[in-house]
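Each of the next two complexes has subunit A plus one other chain: subunit B in the first, subunit C in the second.
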Partner chain A sequence: MKSTFLAAPIALALAAGLAAQDRVTVFRGAQVHPISAAPIQNGVVVVAGGRIVAVGGADTKVPEGAQVVDCTGKFLTPGLVDAGTTLGVAGQDLNEQGEEVTPHLRVIDALDPTDPRLSRARRGGVTTVQVNPGNRNVVGGLGAVIKTAGDTVAEMLVQDESGLRLTMGSEPSSGNRAIRGGTPVGIYYRRPTTRMGVVWEARKAFYDAIAYQDQKTVPEGDPEMTGFDPGMEVLVRALRGEVTVRTTARAEQDIRTAIRLAEEFGYKTMVEEATEAWRVVDDLAAAGIPVLVAAPSRSDAPEGADVRYHTLNLLAKKDVPFAICTGADEGSLGLANEAMFAVRHGLPHDRALRAVTLDAARMIGVEDRVGSLAPGLEADLVIWSGDPLSPTSTAEAVYIRGQEVTP
Partner chain B sequence: MQRILLSLTCATLGFAGTLAAQGADGSSVLIRAGNLVVAPNEWLSGADARILIRDGKVAGIGASIPAEAARRARQINWEHATVAPGLVAVHDLLDQGADLGESIDAFTPSLVTADAFDPFGEELAGRPRTGITAVALAPTSDNTFGGIASVVQPGTTAMGGQVLPGLGYLKLALVRESLKNDRFPTSRMGAADLIRSAFRDAQRPLGPNGEGLSVVRGALEGGTPIAIHARTHAELTTALDLAAEFEITPILLEVQEIEDKTLERLRGSGVSLALAPLGYGSTEEQLEMPARLGAAGVRFSFLATRGTDLRRAAALAIQHGLDRAKALAAITQIPAEQIGAGDRIGTLRVGRNADFVVMNGDPVDLSSSLIQVWIGGEPVHVSAQHGQDTPEAAR
Partner chain C sequence: MMTRFTRPLALAVTALVAPVAAQDLVAVRAGKVLTGTGATMENAVVLIENGRITAVGSDIEVPWNAKVIDATGKIVAPTYVLAHTPGGLSGGNEMMQNVPFLTVQDSIDPSSLFFEEALRNGIGTAHVIPGNATLIGGQGMVVRPFGKTVEDMTVVDRGGIKLSLASGRGGSRMAQMRKLRNALDEAVRLRADLARKKEEFDAEKAAGAIAEDKDFEEKADKTKQPVIDLVEQKITGFLYVPSAAEVPEVARMVEKYGVRLVLVLGPRCYKAADQLRELNLPIVLDENAIEYTERDPETGEETVVCQAKILADAGIEFAIGVSESGRSAERYPWWQMATMVRHGVDPATAMRALTTVPARILGVDAEFGSIEVGKVANLQVLTGSPLAATTWVETVLLEGEVAYERSKDQRLQLLFGGSEGEK
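Entry: the complex of A and B
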């Protein structure tokens, strides 16, 4: 294995007299899974200034005086990336029920850095997550990509305004009708009350955004202008492809609707949850829409969608880009175990590991920062006691930007 | 008297009585105390512990009082007692909660609690018995933008209480009870958006119905303080992020938990706190929080509606390492500053309102008790226990 090496940062770090945080750390002896390259037995990963500076075999050059972490017999992977969660946000804060279309609401406004679910994910080897608003609105708002460690939102933030939540199916309408008899009152007396109505609300929102854009007479994005509508601004950005529309759809009909709406408005989308993706895999492949499968281990799903454990395997065979996430489901096994579960049902080991690292990072547009081990990327690493997709393995040490964050 | 008199008839009667008792030349009063607390870190004692009161204000303190003015004033001797600034409650509903939350709409910044103020309310009348001389009558936390808290003071039985005009703060809430199931916002995410939109809209030309936004604009421009009710760490995080985004320095009400890193953010930010009241059921973390804040130089007051609870909070905080002067400041000077009244109440410097407590010891010592409480240069409470210590007896 030829080693890749970035000499400049190390030389600089040495010249600077090695400030504490810039100290060079060498992880030596592990089976290294760079994800973007083949696994390396007895590999070496060199980290300085919070970034990876070299990944290679045992003969990789390391600077003198570097701190060495002996990883003999261990596995070393990039920190796992969970591309769809609600970690850090309390359930009651996820859904703004005041209106059905709330594109400009931002989930980071409700983020609590001390949420114990974040540290639990971190202990399980997850270092980067996409946090989404909930599914009770047709257009739920903007998500964010964060690290699982940090004391303030600003410290944790990787990418703000990442992904706009759009939800198909019956969930957005479920609060608006008298399911158990009686008459809905107050703000819940409104559209949508049906699947049809949900799609109508979504379509109306995007048509309104087109009209908004056409009517604007002042420089765009200027909050000083009269009639400035922050929600419409977000939808316009989605129409331009600057924000990915994350369409939650579980049942076959809802996934088909998600594909149809994306074609109608031309926005960039991915299908999230996607329980019945196995039924529409050819359509997804034809449309080139990536799929983010939530908690593939669970045996039942909302909407009464039919769960099939070979879904991921099928997506892989048909070349549909996909990743695995834990989703909003509290019953998820945890990200590494979800990938393990996919392997048990036929997904190749390397694809499963990629689905919770590099492919997940691609899905949320941060693959140039995290998700694999290569020089220049952020040093988010996990040292596992064994194969990360084995039920007997644990994440023994977790590093974010070169800093150990275990436990 | 510069204070606004809500009930003119009653006020006239009240003054007539006072003047008769003082005599024609009794327009000023000189009080000699054992200790005079001018401000939490400024104590005068012995011969210097003197305060001259004229027209409801502090006209002189200590050695600077001219001899002639001192001689002509009515003399009161409390040489065994401590005279200290009256206690200030930074947030009080005065048992009028039902009148203070217009919760149909979460955005009601232009509502003013003075409009619901009952000058003869029993709760208000009872506050001086615990040492409180001013309270901010706050809107409830039912709304994201609740309205303007007005500063009110208890009065004599005949006069009733009164409003100190032009003071108070704009109250916002991020706590759970501000979120409702039947109107926007139902979530903290929505509440943050409402606040952000209002702050942004307030900086643009206002439309015909912009009266609420004009209040918000006044607050953003620094005219009216902003208070945000934020109890949990999550709510505190949202409040601090919004404060940083809009470069405001709000008072954060009822804060219950502070991580070390949050303390770092607070240090030097200008944001001040009103801490959840301390009691014998408080956790160690809560009991130690005042000392941590004090050491970090973060300004804070205590929340409580009764002065006995304020004094208990101060005493418990001292027990857990808080400096005595900072504890006293947390129930007098700081809350006065937080409600925008620092140049009128909270200390006994020359020119301030003559609002004070007379105690038989240090106000933050729980074994001391109240002898009298004065507001605007008039006694509003005379302790039954210390009845023989009235100025008439001492004269």
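Entry: the complex of A and C
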């Protein structure tokens, strides 16, 4: 891909005298993987004002006086995108256990920019992450998309509300105890206690949301019912398709339930941590539901779900959109290494790389900002010592919005 | 034919391997042979007779009656040697802390997934020994991950004895050190006591108080004998050292008791690299001790430390371990070696840490660890570079016999979806 887009804004910026962050930087000599286009040997990436202004071959026009970063012998990719994590949120802050259905909670209120796991991700070349609340509630709350560097949440923020977490299976009921006589003193005396109960809580939440919505449309509605309910507002937005429901479902039966519930209420969903997606691949393809597969390096999964190495290959073959994420176990290997395991298990290299960049960005709706290298996109770049999906490679430098970030 | 390994790890042990019905002649045609001694040969043949390598080279004629293993276009390397692993045991440590009399022979489970996974990943020899959460944990043995019984698997029936400086079960470091010294002191005392009694016996015999045909028969308490063997250098201690803070105690132990030690290093020993070099003891980096993330307790900042690189730079040779857990990437030899290479250790050093160095540590380097004439034919056929994530072990030969073939690996096929996966 050759770009002649050496834009007027640069010339203007040069003329105006550049602030440090507006300096034009040229990355030269690397094997460039734009993801949205074929790899370029000895490529050139031009960055100004925190954005990419050109991506092309060695003959790409470069403004005079630009700062040149020599990347000869290196690999250059977009910053990796992890579409499913709990990074930046302390373990005890993941699950608000006062209620089972908490759609109004927002994960950004618990984000800690100094979480060392964020710098760990950054060291591994990950620049954008979806952060989710935990899986202990049936409806856990709203996630967010953030960059992995920044002093404040505001600085890091890409999307303050991204995806509503819904959890199938036994996790929301695990540890719950039914009240059988005695006094319900602990919070663990709560429902649901079974898979049926979990699904019912979800279904009831959406029934309530439909009723809430209906009441609001009645001019003389019951004031008790039409009072503002922030949780219901979120569920209504999900029903309208404005918020994607991220359904965690690992075992086959739970994935089928996830599909069924989405069809029943007509909301948009993706299946997260879909360990047994290999068993349901045709249904997922038919329903057009995207899938997030966590940590292909793992040989076991919660809920006793059966791990299979060919899961991603099968999803690719059946055209089910998917991304690879680190999931709830983000500490393990890092995203690039998880993609490496996907290649070990037979997924084509370019597809695996896409599953942790562009496809992951698409999954969380930020592909117009990050996930590939093209003019106009944010300049999140990683310079790798070698093939990013090789176990002997390291991320040597990481740039977010054109600024090199310290690991 | 019986393959015999005559270099014992410690005592004068009858080292043995159960005989396999070795086909007399096997020829492996390799795209490339990594001998493990640093040499690489393209388009070479490895000739095996009765389980031993009789010729390696590119100009070797394959005898008409040889069974040919076609590894053209592939890489042939020695199988890996683990100098220290608690894998394959049902329970790596006894709750009691001072149990020198235990042996893994009673705990090894031949059908353990660990051995299956080890073979699948090209491991041909493993020193199985109790885990690190102990004081004196018992004795290990060297096995191959192949066979239906412990006897089938045995390579050297008495390996090293496990010692640990990690304060287990909630104890303190000082208590752990004190207890270990006490155990060694006791062994020294028992040994001296026995020597004195023997002396008295001999004197009495010389004086005619004891009949001529009587011999001194008193023996030490059997439960203490392995520690006496340790202070007599009849068995090697595999001493777990959790951090740099315990390294000075290692020096004291060697000086005071004259014990023969192999150090199994935990992740926080790199700060003692200079002392370790001076000690000049054989070193095994535990499975989690290659790369280590250190967190500054004040600032919370994390630094990734590659202990293997620091030791290699200090001129210290070492073997490495792999995880016995089926869950972590650290169970893969390629990942462990690649982790070192990622931090700048040269690939040959990485490879040696799983071949020639551990073989030497175990005293079986005349038999295992490299592809050389005269050595036991423990070979693996790899689909690519031993450091690449995309490489799979295609075939494993143990003593010249095929012990593993990927095409017949049912569990692996299941993980790839079996026949479903082909669709």
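By our rule, the second predicted complex is superposed on the first by the 384 of 407 C-alpha atoms of A that agree within 3 Å, B and C clash if a C-alpha of one lies under 4 Å from a C-alpha of the other, contacts with A are read in each partner's own complex, and residues count from 1 in each chain.
In this text, a contact is a pair of C-beta atoms (placed from the backbone, for glycine too) under 8 Å apart; a residue touches a chain by one contact, two chains touch by 3 or more.
Please read these numbers as outputs of a predicted model, since none were measured by experiment.
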When subunit B and subunit C are modelled together on subunit A, clash or fit: fit
Subunit B versus subunit C as contact partner of A:Pro391, first or second or both or neither: second
First (subunit B), second (subunit C), both or neither touched by A:Lys61: neither
First (subunit B), second (subunit C), both or neither touched by A:His104: first
Partner chain in contact with A:Thr114 - subunit B first, subunit C second, else both or neither: both
Which superposed partner A:Arg123 touches (first subunit B, second subunit C, both, neither): second
Touching partner for A:Asn95 - first (subunit B), second (subunit C), both, neither: first
First (subunit B), second (subunit C), both or neither touched by A:Arg344: second
Touching partner for A:Arg298 - first (subunit B), second (subunit C), both, neither: second
Contacts of A:Tyr309 with subunit B and subunit C, given as first, second, both or neither: second
Shortest CA-CA distance between subunit B and subunit C [superposed frame, angstrom]: 8
Common interface positions of subunit A, toward subunit B and toward subunit C: 114
Residue ranges of subunit B touching subunit A (in the complex, touch as defined): 176, 179, 181-190, 192-193, 196-197, 200, 204-205, 232-234, 237-238, 240-241, 259-262, 265
Contact set on subunit A toward subunit B in their complex: 89-90, 92-99, 102, 104-107, 109-115, 133, 141, 151-154, 185-188, 223-224, 226, 228, 230
Contact footprint of subunit A on subunit C as seen in their complex: 293, 295, 300-302, 304, 326-329, 334-335, 338-339, 341-342, 387-390, 415-417, 421
Subunit A residues touching subunit C - in the complex, by the definition given at the top: 114, 116, 119-120, 123, 278, 297-300, 307-310, 313-314, 332-333, 337, 340-341, 343-346, 389-394
